[in-house]
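Shared between the two complexes below is chain A, which has chain B as its partner in the first and chain C in the second.
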Partner chain A sequence: MTALNRITAAWIVTVLLVFPIAILFGILMRLNQGNALSLSSLTFYALMTAHGLLMVGIWFSMAMAGVSYLLQRYVEVRTWPITFGYVLTLVGVVLLLAAIFVGGLHTGWYFLYPLPFYARTTSWAPPVFLLALASLGVAWLVWALGLLMAILRRYSLGQALAWQHLTGKTEPETPPFILITTTTLLGVLPAFVAAVVVIVLFALEYWGGLKQDALLMKNLTFIFGHTLVNEMLYFGIATLYELFPGLAGKPPYKTKPFVALAWNLVLVVVWTAYFHHLYMDFVQPVVLQYIGQLASWIAPIPAVAVTTFSVLATVYGSGMKWWLAPTFFFTGVMFWIIGGFAAILDAIVANNFVLHNTLWVPAHFHTYNLLGNVLFSLGFITWFVREKSGDDSGRLYRPVATLYLLGGTGFVFAFYIAGSASVMRRVDKYPELVSSGSLWALIGGLFAILVFAATLLYVAHAIQRCWRILAAS
Partner chain B sequence: MLAYIGGILIAAGTARAQLNEGQYYLRTLPDVPIVLVDGSKTTLHRLFQSQSVILTLFSAHCGGLCSAYLLYLRQALGSTPTGFRVVVLSFDPRDTLADVRVLTQRLALAEHPSWQWGVMDPEQIPRLLAGLGYALRYDPTRNDYDHSIVVFVVDRQGNILRRMEGFQDPALLKDLVREARGNFVFSYPLPATDVALRCFDFDKETGTWRLSWGMALLLLPPVSSLAIALLLRLLVALEQFRAADSSS
Partner chain C sequence: MSQNTVLALFLIGAFIIAAVFWLVWRSSHEAAPSSAEPLRRWVFLGLVVFAGIFTALTLFRMPYFLYADEIPARVLHVATRQFAFAISERPIESDADYAAAFAEKVQIPVGQVVEFRVTSFDVNHGFALYAPNGRIVAQVQAMPGYMNRLRWRFDEPGEYVVQCLEYCGLAHARMQARFVVKGS
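Moving on to the complex of A and B:
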């Protein structure tokens, strides 16, 4: 049993243990908004903070873990950066939960300045929160550098980015998995650097009393947060490119010039797409707003178009045997398109003024996370479990796929309807002005319970088998 | 009268306990009956129905700031505003319609339909004051009221959108007007000296701004990432050079 198997199994067990808890936090929030529960505002915002940070944290880590495992097909992967990332991530998560549930921190997952300074119950929560962020940032930075180093030991930077394919050359061949992983690793580094800068600036104010510029802090926070969640999705796509053709009984994908172009474009454009979160910050220079608008349109089109075309072409005429892993991957891509389309609608300036502070935003990011990115990682986990235990989770196929997809669809649908009715986001109770929000919250919460049930079934199955991998070692 | 005094005390207490402007935001005002200066009867919400409203309160018996404040409002808002109406209500139970008419004539606002003046039943006044968070205290030695001077922006559903206390820069009052018309109003912090890095430097004297070092900091993440990638490549090259060297 290799060390890489062990650490991958450990990541799976950890992520799958946290996932249902984070879902439960989300359900409690929706039921509270639906007036089926009555949580205090502080509890609601603490749950909102924990839900967002946990979901982003665990699925970013799982996406990285999947890529780390599959990378061994092409290069020598050293496990210490992954193990280092695992340990420090656990430390970060424990600190984070302490800051939220003991310290009363309730900033929301983007922790916009100066919200972290407003923990209501304790004075130690903000520094512990900053420490947690630093811990997570260092964990993922070292891990990402370790993977990048592994790739660069075999490929030059130009080869890893498939620049030779841009000119039509076929040799040396860069597999799409290496190309996407490299662009994603390079793309995510700015997020970590921005996190470091933000933490330092927060610390300067907390300990040094030096005030910060809110616009600067917001820009830096979104370079971190927005880039991180985008790149998380691309790690999932890398996994899909690597595994999906094999699941359909087809040969591996090749890097064509348009594939190389698309992912190189993504590398550059994703850094500037976050500007669409600042359309309403009127003091932001107008030129950046234009860049944000253009980048928001350009960023998803190459990746989505190329990936969708590849996946549909793979499935067509393949006689694919549908079980959980290919179903997760395929439906993940389809919902990625839907969520991406909803995101582009919101990223258009004129629409943004109507939609951006409404539930349309959680609608689109839950579409391509809960029904997109999470499914890519679950696809990898299901494949991994079959590789290691021989169990293809056949008994679970119908109940898990049905409950998860039905529940997930209903859940995001409730967000979309409420968002288009101008129901605002980030509030624990809806005022009478938008009282329809309560009904849709209740409906969304009930559908989320179906997702929760599917998750419990799946988690019990996968954890049992991964635990055996760990125990065997 | 007892009910009125009791209500005033409650309203004053409420106002003192809730100085946070945010607590009044989007609060729906009570639909109290109003008698307009021409003698017609209506309710507060009917006054709001057709247009957004800038609402203020006064006393015709006021020996203090009321007249000066109303003159200031007339100057800032104009006698024939467009896109919104100004509703001016008396909080003083002593005021009669005749008193109010005299005041409107003195202010040269009697003939302007965009300015609507009215009085309320004394028992209804505390309801409105509590809804507005309007501070009021009767001073028997002066036989007059200590009171807020404040304007509110109220939407067509009777919800408070903004409030502004005192004699402010007319430019700020114009922002209120734009908000009453349904336009988006920018707000921003004044430049401070204790900020570490700003995106912009603003010159208060000339009203001009220029990009500052904070904005340059946004280039740091992508630039440092490229630098890290190149550094890693160098490290790998060094590693491979050493390996080749030791094997030879």
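Moving on to the complex of A and C:
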């Protein structure tokens, strides 16, 4: 299993090296919005594009890397799809950064057709950008299929989805980790398919002059963007299910009938929730808007009733020992549902009418990413480091947890307050119309510096330990 | 719901969630074995009721049908292009129409239903109406190849700002238009 150790350690080192840089981009953006800096519009939007893509890229990869490592507890994991994913992801990221910082591409991490054709860049940047996205898509698709095949060599599809548990049978047993990983791997596949279709349609217009339909392209873009980010969180939840009970000194979670039902429901509901990104496109068929609101509200019910409840019940009166890993998981769940609550408030069409594309959106997705999904991955990393080196990062516990959580909370609240005051997202300098935006940007930026400090402390520690694993093998 | 109501609801919800987590975290410092399992069905039921009430209250208040059974007092055509809004009482179909629209001074009477027919000549833009108090009151997307219809009744007179609300390129932040809503 040393090959698996090695690729996992390599992912950790890579992700942790990129993370502080991406945070720095975020801080620069916030300080620019707060008028403490004066970047050109092009620099701002290049930073925004790079920040979004790097963050989504590294944390999606890290979530999959954690799941890949833990999967060996149940099935035989071959490392080549993970290594393939690693190499192609790096290629994709290098191409992306070149397109952005050399080519001047500044479309945002997701972009709506036909913006790339109208954004003033060098002529080579858009095709290189599309190539880079294709490379990420192939990397993750092969990796995901590799994991799926590993599961299906041991379990039938029905077993992997715990269908036998639906009827109350307990044999053969499907561990929750296998169930959640399978639904997530299946769930994310349409995202990759949609990405490929979008890229091909862009290419058809770029080289073939074939005009595309803007509404269709927007639907495809969000099948990709929404589904990818949503499923990334569920990989984190799978890791949590696998590790958290042990960290609390309790026996592993079991797949009960409602657990099986909840995750099978999630698998399907997630695919239709993306409609909430198109509420303000009044030409979208209205029935899809109704489905969007209903799906957005149904999806979190099982997640909350099953995952959150189980985590709280595990901790309640447990007498467990708190260190960095369980703290990351526990607070991650808390912010995951706080951010989720903000998200479903915005997923009500009548509310979206006044919140769409305001800072309310980065407010909620930073809550369940920076303070949710990232913490699940950091929980895994901290646990992995202790497994391999015996070091439980004890000295870091207080400073890292305090700075990260305090800074993160202040940072997202500045977004919430500005968003509810109609300050728009994706804006480099706030127009006079929403002048309160700059004050909140400055406050948010200062809190983000605390997160940056915590991250540096943690990263220096974890990278050293993982580097030794790499060097030893 | 107004933005303030949403913010208040969110803060209350976030506070309750944080309080529950904090209490559970505190309880963990001493071992007191007990099972919370019987509570699970009540939590689930509570969530379903909560979601049901919210859905019932909001699902049928969709902006697509605002003033659907009224005849708008005025129809305004909106065409967007990086980085401006052309607004006119006449349809905007050509470059000449587009250019001519900027000479028009748009005035909207207070308290009457107006229909905006919004489209784009290049990329996606957003068409957001900011009231004189600086808050968004309504919005719709401007999408190339499509015409979005938004009906709205302005009950407050004053100067309104139309702000682009979909990232459309380097000058996105500065893409604005203005019009006056006149009292009768």
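In this text, the second predicted complex is superposed on the first by the 469 of 473 C-alpha atoms of A that agree within 3 Å, B and C clash if a C-alpha of one lies under 4 Å from a C-alpha of the other, contacts with A are read in each partner's own complex, and residues count from 1 in each chain.
What we mean here is this: contacts are C-beta pairs under 8 Å (C-beta built on N, C-alpha and C of every residue); 3 or more make two chains touch, one makes a residue touch a chain.
Because the structure is predicted, anything quoted here is derived from the model rather than measured.
After alignment on the shared chain A, the placement of chain B and chain C results in a clash. Of the two partner chains, chain B is the only one touched by A:Met149; chain C is not.
Contact with neither chain B nor chain C is seen for A:Tyr274 once the two complexes are overlaid on the shared chain.
Residue contacts after overlaying the shared chain place A:Ala342 against chain C, while chain B stays out of touching range.
Once chain A of one complex is fitted onto chain A of the other, the partner contacts of A:Leu433 extend to both chain B and chain C. Between chain B and chain C, C touches the greater number of residues of chain A.
Look at A:Leu157: by the touch rule set out above, it reaches chain B but stays clear of chain C. In the superposed pair of complexes, A:Val283 makes contact with chain B and with chain C alike. In the superposed pair of complexes, A:Leu215 makes contact with chain B and with chain C alike. Legend: residue contacts after superposition of the two complexes on their common chain; A:Trp323 is shown touching neither chain B nor chain C.
In the superposition on chain A, contact of A:Leu115 is made with chain C only, not with chain B.
Within the superposed arrangement, the part of chain C that overlaps chain B, taken from 2-10, 74-82 or 164-172, is 74-82. Common to the chain B and chain C contact sets on chain A are residues 213-215, 282-283, 431, 433. Chain contact summary for the complex, chain B toward chain A: residues 26, 157, 159, 186, 188-189, 192, 194-200, 211, 214-215, 217-218, 220-222, 224-226, 228-230, 232-233, 235-236, 239-240.
The touching residues of chain A, when paired with chain B in their complex, are 145, 148-149, 152-153, 156-157, 186, 189-191, 193-194, 197, 201, 204-205, 209-216, 219-220, 223, 271, 282-285, 431, 433. Against chain A, the residues of chain C that register as touching in their complex are 1-4, 6-7, 9-10, 13-14, 17-18, 20-21, 24-25, 27-37, 39-40, 43-44, 47-48, 51, 54-55, 58-59, 61-64, 82, 122-124, 126, 128, 130, 134-141, 143-150, 161, 163, 165-174, 176. Interface residues of chain A facing chain C in the complex, by the touch rule stated above, are 41-42, 45, 106, 108, 112-115, 118-120, 213-215, 218, 248, 280-283, 286, 289-290, 293-294, 297-298, 301, 304-305, 309, 312-313, 315-320, 322, 330-331, 333-334, 337-338, 341-342, 345-346, 348-351, 353-358, 360, 416-417, 420-422, 424-431, 433-434.
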